[in-house]
Amino acid sequence: MNQHNSISDRKDEHIRISLEEDVSGKNITTGLEKYRFIHQALPELDFKDINLSSDFLGKVVRTPFVISSMTGGTKQAMEINKNLALAAQARGWSMGLGSTRAALESPEHAYTFQVRQYAPDIPLFANLGAVQLNYGFTVDDCRKVIDLIEADALVLHLNSLQEVFQPGGDTNFKGLLKKIESLCSQLNVPVGVKEVGWGIHGAAAKKLSEIGVSFIDTAGSGGTSWSQVEKLRSQDPLKIKAAESFMDWGIPTADCIVSARAHGYKGMLLASGGIKNGVEAAKAIALGANLAGFGRSILKSAVESADSLISLFERIELECKIVMFGIGADSMSKLRNTSYLIKAD
Amino acid sequence: MNQHNSISDRKDEHIRISLEEDVSGKNITTGLEKYRFIHQALPELDFKDINLSSDFLGKVVRTPFVISSMTGGTKQAMEINKNLALAAQARGWSMGLGSTRAALESPEHAYTFQVRQYAPDIPLFANLGAVQLNYGFTVDDCRKVIDLIEADALVLHLNSLQEVFQPGGDTNFKGLLKKIESLCSQLNVPVGVKEVGWGIHGAAAKKLSEIGVSFIDTAGSGGTSWSQVEKLRSQDPLKIKAAESFMDWGIPTADCIVSARAHGYKGMLLASGGIKNGVEAAKAIALGANLAGFGRSILKSAVESADSLISLFERIELECKIVMFGIGADSMSKLRNTSYLIKAD
Amino acid sequence: MNQHNSISDRKDEHIRISLEEDVSGKNITTGLEKYRFIHQALPELDFKDINLSSDFLGKVVRTPFVISSMTGGTKQAMEINKNLALAAQARGWSMGLGSTRAALESPEHAYTFQVRQYAPDIPLFANLGAVQLNYGFTVDDCRKVIDLIEADALVLHLNSLQEVFQPGGDTNFKGLLKKIESLCSQLNVPVGVKEVGWGIHGAAAKKLSEIGVSFIDTAGSGGTSWSQVEKLRSQDPLKIKAAESFMDWGIPTADCIVSARAHGYKGMLLASGGIKNGVEAAKAIALGANLAGFGRSILKSAVESADSLISLFERIELECKIVMFGIGADSMSKLRNTSYLIKAD
Amino acid sequence: MNQHNSISDRKDEHIRISLEEDVSGKNITTGLEKYRFIHQALPELDFKDINLSSDFLGKVVRTPFVISSMTGGTKQAMEINKNLALAAQARGWSMGLGSTRAALESPEHAYTFQVRQYAPDIPLFANLGAVQLNYGFTVDDCRKVIDLIEADALVLHLNSLQEVFQPGGDTNFKGLLKKIESLCSQLNVPVGVKEVGWGIHGAAAKKLSEIGVSFIDTAGSGGTSWSQVEKLRSQDPLKIKAAESFMDWGIPTADCIVSARAHGYKGMLLASGGIKNGVEAAKAIALGANLAGFGRSILKSAVESADSLISLFERIELECKIVMFGIGADSMSKLRNTSYLIKAD
C-alpha cells in the first residue's frame, strides 16, 4: 500500500517539477538546430493537398505525431490523460500512457489509465519499465496492463540512470535483452522500446529490432533531463551533487535518429526528446524517423484542457505542413525521403 | 473595390512594419560575412580608373546595383517610387517596382507605378506574383502591366510561405513552372524570377533558366523575413506562433549564389537579400552574381527624399570601388572573376 | 634556516592563494569537455557489480583515483596531509605528498609529511622537483625522503615555468634527462614524473619511459595555472605583467593523454590537471589514462576535515560508477577500452 | 608651406587618435590567437643561456624586435622618436622612423627624424609612401632622406586604402612595381616594403622580392585599423560611413606570415600588425617571420619616456624568453624552426 502511495506521490511530483522548474539538460541540445531545410521556392504544390497521414501500429493516423508516455496513477494524472486522449482523438495523434506499473500494483488506480473511451480510434500504448522484468513483473502482468488499457502496443522504457538517481531505484539491468526477447515472442501486441531522455544508440536499436521489438522511440537528449528532475526531488546531498555532473549526459535526439539508420535499423522509428514544434518534428522525420513524439513541451497545455491541447496540436501540424510546402513535399513519405535537409556548417 | 483597398492597406502596412519593426530573420544571416577579400597591397591601379559599369536588360548601366521590387499602389508608395526612380536615374541604378497587381486590379492606382518619366534611361521592371498565374492572371494582363510601366522586363516573385502566413493568401503553387514557361515564350520582354527573402536554390535557378527565364534574383535569407512581417500583421494566434518557428527559414544569400553557379546556372544572376553596403554587394558579385540588389536597407532613405537616396547610393558605390581598389580590380568582370575572395575559417 | 622558513611561507601562501583567488588559466580548458560518452540505454549490468578497483605501484586499490602532490612543510600542511591520508585510506585512493624538499632541508618539518600511520595500505609517494638534481640533491637525498615517508614511489615534478615566475627560482633545466635516468637505475622504488599544470607531451612521456621512469602524471592545463599563482605572489611588476601573457599556456589534460598514447607511451598514465568530478575522471580514463588525479578541486575539503573529503571522494566514485553504468562497463579495464567516448563536433 | 603644416598637423592627429580612441579593427584579429605552443616540460636548457640575438640589415642585434615606422615631423614626434631611439639602443631593438616625406618637403622638420645620435648601433630605417614615386619623388629624394637619417635601409609603405579614406589622398597606385624595382637597383642601401595594417599577401611578397626588395614587413590586420583612424579624422559623411564597412578589412598578421612562406618567399620577413607581447611575437617568429614589429602597442610608453619604453621592452623580451624556455629553444633559429606551434582546433 505504502509503496503504491509512494509511486503516486512520485508521479505528481514529476509533473509539478516538470512544469515549474528548469529540468532541461545543460550544454546539450537535440542537435536538430544543426540541420536546415533547403527552401524550394517553386514547390509545385497546392498547400491544401499536403497530407500528414501516417501508419502506426496497423492504424492509419491523420498525423505523424505521438504523445510521449508521461503519466497515470493519480487524480491529476487522470485529468491529464483524459485531455491528452480527447485531443489525440480530435486531431489524429497517437498516444502513450505513463508507466502502468501503478495500475498493476494498486488496481484502484487503474481508471487513471483508462482513456480508450475518449480515444476510440487512435493508437494507444501501455508503458512499463523494462527493468521491472528483473523485479518480478511477468508476461501475464504485461498482458494485464495491455488489456486494462485496451492498448495497441506495450512500450518498455529503459531508464538506467533515472533508477540510479531515484531513491530506492531498481538498478539491476542485467539480462534484460533476453527477457525482452521472450516477452516479444509471447505477447500478441507489438512491443516498443524507449528511453526517457538520454537516447537510444543505433547499435542498441538494431539489436532490439533483431530480438523482436517492433518500434524504437529515441527519447533522446536535449529536452527533459531526468537527472535534473531527480536532483530536484532528492534529499540525498551526494546524489544532488552527482546529478549536476550529468546535466549534459545522453545522445542528442538528432544523433539517435541518424545513428539508428546508420546502423541499419530499418524498423519503425519514433523520434522524441526535446521536440517543441512542427519544424523540429519535420526535421526529425526528414532525418529518418517515421513519427515524432512530444513530451514535456505539451504538458502545460495538457494540464489546462483538451481545447488548449487541440490548439497546440493544430499549430504543430500547421508548422509541419508549412515546412512541407517550403520544400515541396506533400506526403510523409516525401518528407522522410527528402534530400532538402542539410547539416549547417 | 474592397479587395483593391485591402491590397493598398496591406502595401502601406508592409512599409510601416518594415521601417518600424524588427523584421529580420533570427539565427540566420546572409552568409556573406563568412567570406573575406584578400587585400592586395599593390593594386597597380589608379583609383579614378575604377569602373562600375555593367550590362542589364540590354542597357549599359553605370553601376551593378538594383533596387529590389518593393512597392506601389498607394500614395506613399508613389512618393517612394518617384524618389527611387529619380535616384536610380541620377546614379545609374536599375529598378524594380513592387507588385503591379494593384495597378491591374484598380486602374486608378496605375499612376503610382508610372515612374518612367523620372527615369528614362535605366532598366526598369514590372513585378507580379507568379502564383497569380493560378488565380486568373493572363499573358495579356502581364503585357498590360509591362506597357503601363514601360518596363524593360517582368519579374515574377515566388513567395510560397508569405502566401501561407498572409490572411487569405493564394497558396496553390501547382503547375507554375509550365505557366512560367508559356509566359516566357509569349512575352516580348525578358522575364525574371525572384523570391522575397527565402532564396532560390541552384537547382531551381537552373530549371527556370531552361524554361526561358532570363534572369534570377536570389532574394535570399539574412535580411527581411516575410514570416516576421506577416507575423506582425497577423491577428491569427495560430499563425503568429507558427511564424516564430520560421524565423531562421530560408537559404542565405551567399549560399544561393554559390549554389546557382554550382548547379551550372550560367544566366544573369542578381544577388539580393540582406545586402546593406557596397562591401557586401562586392562579395556577392565576387561569389558569382552579376548585379546586387537592395531592398529594405534603402527603404528609409526612399521615404525621405531622392537626395537622401542619392547620398546612400554614392556611399554604396564608393564602398564597392574601395573593395575593387583593395583587390586590384578595375572592372566588374575583374571583380566577378577575382580569386581574392575566400571563405574564412 | 632562513631558506627553510621561506619555503614554509611559500607553501602556506600557495594554499591560501589556491583557495581564495582565481588561479585557473584563461582561454584554456582541460579539453575533456570536448568529449562525450555515448549513452547505452541497455547496460546489461547490475549497478552494484560495478567495480572501480585498480592496480597502482604493486598494490590493488579500490579506486582509480589519486590525490595530486600538494603540500607539506608547515603546520597547516600537516593538517591537510593528515586529512588527505585518512580519507585516502578510508576510500582506497592513492596519495602524493607535496614537495618533500622542505623535509630534507629542515628535519623539524619532516613530521608534516609522515602520514603513513594514517594510511597504512594505500600507495603513497614522495615528491621532489626534478630541477633540484641540478642544485645539489643526490640519490641519497632521494632515498632519505622515500624512507622518511615510507613511500611506495618517488615522483619528480617538472615545473620549468613556475621556476621562472617564482622569485629566485631554479631555472637550470639542462641535462635533467640523464640525471633522471641515473636516479631511476639507482633507487629501489619506482620513479614517476609529473608536471604542475602545463602538461607533459606524448613525446616526452615516451622518452621518459625509455629511460626508466615508471609512470607519468600529465598534470595538464585547464585547472590550476601556476603562472597565475606566482603572479599573485609576485612583487616584481615585470613578472606580474609577463605572467598575464601565459594565462593560456600549456597542454590541455585531454591532449596530454591522447598525445601520450599516440606517441606509443605504453606505461602507467595518471591523468590530472583541472579534473573536478567523476565524469571528467572517467573521460580521462576512457581516453587512455590508468588513473585520474585531483589537486586543487579537493583542497577546500582537505582543509576542512577528513570527513568532508570522504564525502567528496564518495561523490566522485559514485559519478564514475554512474558513467560506467551509463555505458555498460563494470570494470576499469572495460572503461579504459570503451569505444563509447567520442569527440563532439 | 601650407602643405607641410598640414602634414605636421596630420601627424600629431594620428598620434592623438591612436592613443585616445579605439582604432582597432572589428571582427578581425591577428590570427595569432589561433596558434598554441606545445609546452615541453623537459626543456633541457638553462634559462640564462637563452639568446635572442638576431641579424638584421647586416648588423647583429640583441633582440628580434623592431619598432614599426610611426612618426616624425613635429615637436611631439621628435620626443617620441628620441625616446624610441634611446630605448632601442639600450635594449638592442631595430627602429623604423615615420614617413620621412615631411623632412624632405620642409627641411626645418628634418631634425625630428635625426635620432642616430641616440642610437648609434642599431638598424635604423627611413620610411616613405611608395605611392609618392607616382607623385614626383625621385631616387635622389630617397637618397636624401637616407643620408639625413643615416639610415641602414629605406622602407616603402603601401597604404592604398588609407590614401582613399584620407582627404586629398594620393590614389594613383599604377605602375609602382616597376618604380620600386628601379629604385632598388639604384639605391645603395636595402629597400624594404611594408603595409600599414592591412597586410601583404604572400604572392605580393614573392613578387616584391623578385624585383629586388630586401625585406617585407607584413603590417597585417588585427591591430591598428587605418580606416578607423581616418574615419575619426574625417569631416566627410560619405567617407565616415564607408569607413565603417571596412572595419574588418585586411589580412590577419598570422595569415600574412603563413602565406608569404607558402608562396615561396624566402627573404627576410618582419611580422607586425597588432602584436602586443612577447608571446605573440614568438608565435609570429615560429610561424616563419625573422623579426617581430611593434607599433601602436608601444606608443603610449613612447610618449611617456625612454625608461618606460625600456621596461616595456624588457617585459616583451622576458615573455619571448619564457616561451623559448617553455618549448626548449635557446636561439632564434630554433624558435623559427620549432615544430611545437600548432593551430588549435
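For clarity, chains are labelled A, B, C and D in written order, and residue numbers in each chain start from 1.
Rule of thumb we're sticking to: a residue touches a chain if its C-beta (ideal position, glycine included) is under 8 Å from a C-beta of that chain, and two chains touch if they have at least 3 such contacts.
The structure displayed is predicted, hence computed values, not measured ones.
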| item | value |
| --- | --- |
| Chain separated most widely from subunit A, comparing mean CA positions | D |
| Subunit B against subunit A, contact positions shared by both copies (same if over half, else different) | different |
| Interchain centroid distance [CA atoms averaged], subunit A/subunit D, Å | 63 |
| Centroid spacing, where centroids are CA-atom means, of subunit A and subunit C in whole angstrom | 45 |
| Subunit C residues counted as touching two or more neighbouring chains | none |
| Pairs of chains in contact (touch as defined earlier), listed by label | A-B, A-C, B-D, C-D |
| Subunit A-facing residues of subunit B, complex | 27, 158, 160-161, 163-164, 171-177, 195, 198-201, 204, 207-208, 221, 237-239, 241-242, 245-246, 248-251 |
| In the complex, subunit C residues that touch subunit A | 33, 36-49, 277-279, 311, 314-315, 318-319, 322, 325-326 |
